[in-house]
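These notes open a run of structures that come right after.
You will see two complexes here that share chain A, one where it goes with chain B and one where it goes with chain C.
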Partner chain A sequence: MSDAVATLQAVPATARNRVPVFAGSRPAARSAYALVAPAFILMLMMLIGPLAGVIALSFTDYQLGAPSFAWIGLSNYHEMFADRVFWISLKNTLTYVAIVVPGAVALGLGTALLIQSGAGLRSLYRTIYFLPVMATLIAMAIVWEFMLHPQFGLVNGVLRAAGLQGHSWLQERGTALYSLCAIGVWQATGFNMVLFLAGLVSIPKHLYDAAEIDGAESAWSRFCLVTWPLPGPVTLFVVTISAIRSFQVFDTVQVLTKGGPSKSSEVLIYTMYAEGFEFFRSGYGAALTVVFLAFVLLLTLVKSALGNREVHYA
Partner chain B sequence: MTTRIHTYLWPATRHILLLAGALVMLTPFIWMLSTASKPQTEIFSSELHLIPHHFALWDNLRTAFAKANLWRYLLNGLIVTISIFGLQVLVALPAAYALAKLRFLGRDVLFALVVFCILIPPQATAIPVFLLLHKLGVLDTYAALVLPFTISVFGIFLMRQFFKTVPDDLIDAARMDGISEFGIVWRVMLPTAIPAVTAFGIFSVVAHWNDYFWPLIVLNSEHLQTPPLAVAQFRNNEAGTNYGPLMAAAIVIIAPLVVAFLFAQRRFIEGITLTGIK
Partner chain C sequence: MAEIEVRGLRKAFDGTEVLKGVDLTIENGEFISLVGPSGCGKSTLLRVIAGLEPQSSGEIRIDGISADGVRSSARNLAMVFQSYALYPHLSVFDNIAVPLRMKRLSALARLPILGRLMPGRQRTERGIRAEVERVADQLEISPLLKRKPGQLSGGQRQRVAVGRAIVRQPRAFLFDEPLSNLDAKLRVHMRAEIAQLHRQLKTTFIYVTHDQAEAMTMSGRIAVMIGGELIQVGTPSAIYEDPRDIRVAEFIGTPKINAFPGRIRGDGRLEVLGHVLHAATPAPAGECRVCVRPERIDLTGSGVFSGTVVHLENLGSEAFVHVASEGMSAPVVARVNDPSLLPTIGASVGYGFVPDAVRAFDGDGKRIATEIASRVERPRGMAVV
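Let's look at the complex of A and B:
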C-alpha cells in the first residue's frame, strides 16, 4: 500500500519528460490492438453497423422473412409523412415530453432544494424519492393501472370520497396520455432530484455566509440570491437528459394502453415497435427510427454543447 | 420574534412539504402492499381501506408462485444481468486500459468512436440488431438477450477515465516483473478500479434487470422470460381478475433491487446517476 502512495508522489516528477518505454515498440503495439480488438469488433457489429443499417434500411422495402428487397428511395418517408398515425404519434410524443420534462424537472429541483435547505432526515427523504427510479417500471406500471381502475382504484375512490367525478383514466381518449404523463413524472422526479442534489452540494457554503453578511437574513432571500442563479447550467443539463429519456417512453404505453384508445396515447417508439416487430415492416420501422434518432441527436447535441456541467463560481 | 419564526416555522414547513411529496412517491408501493395483502372480496369492494380485514399476503404469494414460475423468472433475470455485466467487464476493461495507457496508431480515432457510440440510443439500433440475431439464428435464446449488450461503450469510457488517473509507474513496475499487458489489466488495473467497476456494475445490473423493450422483442418462449416480461405476461393472462396475486408477483419482481438499494443507497444512487453523464 505504501508503495502505491510512493509511486503516486513520484508521478509528477517523471511524467513530463518521459516517453513511454514501449511506445512504438512493435510487440506492445500488437498487444494494444489485441486488447481493443474485441471491443472494436463488437462496436462495429452491435452499434455502428446497426446505426448505418437502420438508415440504409429506411430506404428499402425490406420485410422480415421476405426473400428479397428493393431500394425504394424516399418512399417510406413519403408514406410516413402522409400517414395520420405518424403525425398523431409525433404529436403525442411531443406532448408527453412537454408535460413530463417541466413537471419532473420542477419537482426534482423543488425537492432537492427543500432537502438541502435543512439538516433533518435528508437521507430518508432522498431514499423515498429515489425509490420509483429503482423499482422495475413495468411492475409499477401495473400497480398504477390498478390504482387508476375505474371502479376499485384508489384514485377514483379518493375522488368519490371528495364528491368528485372519477374517470376511466386509461380507457378514455381524453385522459390516457395524461395518465401516462403522471406516471412518467412520478418515476423521473427522484432521478432529477439526485442530479440537482449533486449540483447543489457543489455550491460553496461561504457564498451563503457572504450573502448573510450582505443582509440576506431569511432563508428565502439567501435562496433568491445564491441558490437560484447557480444551478442554471445544471438545470439546462437535467432538462436535456429528461427530454431524451421522455422521448424514449415505451414501457408504460406498451403494457397499459397499447397506444389506444384510438391512437390517443400512440408514441414514436411504440409505433416503431408495432411496425418493426409486430408487422415486421423493417424498412418502414427503420424510417420511424430515423425520425426518433433525429430528435434524440438534436437533444444530445444541445447537451454536449453544454458539455461541462460544472457550475463556475468565479 | 422573526428569528423565532424562522427557527421553528421553516423546518416545519420543509418537513410538511417533503412528507406530502414522499407520500405521493410511496403511494403506489403502499397500495401494492395493501392490495397484495387483501383477499379477493376486499379488493373488489368500492369501499377504500388500507389495512386488510383479513390478511391474505401469504395466500396471494402462494397463488402467484403457483400460477407463474416466478423462481424461474428471477433466475433468468439473474443469469442475464450477471452474464451481461461479466462480459461487459471482460470486453471493456482491456480496451479501456489500452485507450488510457498504451500508444498505438488509431487510438484517438477509436476513442472518438467510443464517445460517438455513447450517443446512440438503444432503441435506434433495435431493428438491424434484431435482423442480425435472426440471421445468426439465436433469437429466443439467452444469447439474444445478452449478446447485444456485451459491448458497453459507456463502460469503456468510464473505465478509461478512471485508468487515466492510475500512475504509470505502477504499470512500469508490473512490466519489470514480466507481467504481460493482458495480465496488467486484470492483476494491476482491475484491483485499483474496484469502486468504478462497482458503480458501473450497479448501473448495468439495474438497467438490464428492469429492461422491458429488448426481451419483449427477442423472446417468445415462456421459460426464458425475464422478470419484467413475466409480470407483464402475468397481467395479460389474468386480465383484471386476480389483482391480489398480481400485486404479490409485482412485489417479488421489484424486491431484489429495492432491498439491495435500501442496504446500499449511496452506492446505488451513485451508480444509477451515472446515466446522467451518459
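Let's look at the complex of A and C:
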C-alpha cells in the first residue's frame, strides 16, 4: 500500500521536474545550447561562413593579395553579364551538361541492365566499368590526350584504318567541347552503372511475374512497366548527381584544352579559376561562383520537388 | 471459364525435383485449393500452370488445348500474388488498368505523351475507364482509385490485386497464398469475400495455400500436395474424414490428429498401447498407426487409456486438453466442448474413443480399411474402448 502511495506521489514530482526543461528555464536551456554549439559552430565555419563570404566577396573589387578592397555593389555582375566570355562559358557548360547527363545516365543504365542480365563474370564487368571512377581524372585525361592525338592517337588510327578522316580533336574549335563531353560520359558511366545496379537488384522479382501475367510480352513493355519506373529514386539521384558533377567540369578542361581553342571549350568553373587565380580578380570570380551556385541550387530544388511529388518510395 | 488438365507434370530446379509427376484435372468453374506444407511444390505447380516457369516434362491443357510454349499472357489466366505485386509507381486505377492497356493499346499508344496523339486512343481509354470503375465499384475500392499502393492497407492492396485480376475477365484465377500477409481477423473476412467472389464469377479458381483452414472453408475440392506429389484430391469433408495417407491426416485438421502406435493382431483386431480395440482390419498382421481426431477422443467416459493432463488450451468456445500417456511420444490432444468441465493440469484422466473414430495406416503411411469388430464380445461391457 505504502509503495503504491509513494509511486503515485512520485509521478507528478517527476513531471514537475521535467516541465521546466520544455518551458526553457535558464540552466537547462544553457546546457541545451551548449550541446548544440559544436555542431552549429562547425556548420557555420565550414558551410555557411564560406558561402556568405563568397557572396559578400562578389560585391567587392577585392583582388587576391590586395591590402584593401571597396564595396562596388553589383558592378561585378554588370560586368559579367556584359562579358562575351561569360556567356560563351555558360553556353558551353550547359551544352556539356546536356550531352553528358543523358549520355552517362543512358549508358550507365544500359550497362547495368547488361551486367544484371548476364549470367557470369558480373563482378569482373562491374570492376572494369568502375575503373574510370576510381582512377584519377587528371591521369586519365593524359591518357585521353594520347588517344586523341592527331598523329599517333588511337582514335585517329582506328578512323584511318576504317578509311575515315581523322580530326585534331582537342585542337579544333568544332570538336574540342564534344571530345571533352565524350571523356565526361566515359568517366561518369561507371559510377552511374553501380548506382543503377543497386536500384535494379532491389526490384522485386514478382513484379516481373505480374507484368508477364498482365500481358507485358515484349522486353520493351516490361522495361516501361517495371524496370524504368521502379528504381525511380535512384534515377533521380543519378541524374542530379551527374548534372551537378557535369556543371563542375574542370580537370579535363584544365589539362587538355585550357578552355581553347579560342574559348570553344571554356566552361564556368574554368572561367572562375582563370579570373580568380590567374588574373587574381577574386571579387569577379566570386560573382561567377554565385551564378554557379545558383544553378546547382536550382538543380537541387528541382530534385527535391520531384522527389516529393513524382517519385514513389514504396 | 476453363477446364485445366495437368498430365504427368515434372519440374526440376538444378537437378532437384520439385514436382514429381503431378496429374490433376480441374473442372470448369471449380474452386480447388492446392494445400501442403511449405516447400511441397504447390506454388511451383501454380507458376507452371500460369506459364511463369516451364515444366521439365508433362503437359498442361487448358480447355483441351495444350498450353506448352504459350506465353503467360496468352493463356489468359489471372494471378493474385502473395505480395500482391502491385506496381508501386502507379495509382490504384492505373494498376487495375494495366492488363487492359496491355491488351488494347499498342506499344506506341502506351507512351506517356506521344501516345495521346495516336488515333483511337481516347475511345479505348474511355472503355478502359468504364471497366476499371465497374470493377472498383464491385470491390468497393472506388474512393481509393487515385491513391498509390504505398498509401493502402494490406486488405485494400489485396482488393486492388483482385481487381487487377478480374478486370480482364480471365479464363481462370490463380491465387498464390493471397491472404498470408494479412492479420488473422482480416484473413477470415477475406476468406468469405473470395468465396463470395467465386460464387459471383463462376470461374475456375485455383487457390494455393499452406493454411488448411482456408482450403477447408473456401474450396469445393482440396488437392493435398506433399513432397512434390499430389497425395489426395477430394472434397474438404472427404479429405478430413477419409484421409488416404497419414501425411494427409496429419496435415489437415488443427490440432493435429492423434497418432497412436498400433499393431494388427493375427485375428485382424487392432491393438493400441496394449489394449485391443473394437476395430478390425483385413490387412495383414504387423505394425500400424492408429489415428483419432481430437474431437473424437472422449475424456468424459471411463476410457481404457489413462494419462496425466500436461497442458490446457481454453479458446472460450472450446478447449483442448493435452494428455501425456505412457508409450506415447507426443501428448494426446482431446477437444472438450464445454470449457467449464476442464480437468486441472497434473490430474490423472481416463480417455477412449469409439471404433468408428479410428483411421488406421500401415507402415508406409497408406490407409488401411477398418471395420467395427462386431463378432467379438465387448470386454467388460464398455461403451467406449
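Please note the rule applied: the second predicted complex is superposed on the first by the 240 of 314 C-alpha atoms of A that agree within 3 Å, B and C clash if a C-alpha of one lies under 4 Å from a C-alpha of the other, contacts with A are read in each partner's own complex, and residues count from 1 in each chain.
Following the convention adopted for this analysis, a residue touches a chain if its C-beta (ideal position, glycine included) is under 8 Å from a C-beta of that chain, and two chains touch if they have at least 3 such contacts.
Only a predicted model underlies this, so the values are computations on that prediction, with no experimental measurement involved.
When both complexes are overlaid on chain A, the residue A:163 reaches neither chain B nor chain C.
When both complexes are overlaid on chain A, the residue A:67 reaches neither chain B nor chain C. When both complexes are overlaid on chain A, the residue A:53 reaches chain B alone and has no touch with chain C.
Greater residue coverage of chain A by touch, when chain B is weighed against chain C, goes to B. Look at A:128: by the touch rule set out above, it reaches chain B but stays clear of chain C.
In the superposition on the C-alpha atoms of chain A, the part of chain A touched by chain B in one complex and by chain C in the other spans residues 218.
By the touch criterion given at the top, residues 47, 50-52, 71-73, 77-79, 81, 83, 85-90, 98-99, 102-103, 107, 110, 148-150, 164 of chain C touch chain A in their complex.
Taken in their complex, chain B has these residues touching chain A: 6, 10-11, 14-15, 17-18, 21-22, 24-29, 31-32, 35, 43-46, 48, 90-92, 94-95, 97-99, 102-105, 107, 110, 113-114, 117, 119-121, 123-132, 134, 147-148, 150-151, 153, 156, 167-170, 172-173, 175, 180-182, 185, 206, 209-210, 212-213, 216-217, 227-229, 231-232, 235, 240, 243, 246-247, 250, 253-254, 257-258, 261-262, 265, 268-269, 272-273, 275-276.
Note for the complex: chain A touches chain B at residues 4, 7-8, 10-11, 14-15, 18, 20-24, 28-29, 31-36, 38-40, 42-43, 45-51, 53-54, 57, 64, 107, 111, 114-115, 117-118, 120-121, 123, 125-140, 142-147, 149, 151-152, 154, 157-158, 160-161, 186, 189-191, 194-195, 198, 218-219, 237-238, 241, 244, 248, 250-251, 254-255, 269, 272-273, 276-277, 282, 285-286, 289, 292-293, 296-297, 300, 304. Contacts from chain A toward chain C in the complex involve residues 204, 206-207, 209-210, 212-218, 220-221, 224-226, 229-230, 232, 312-314.
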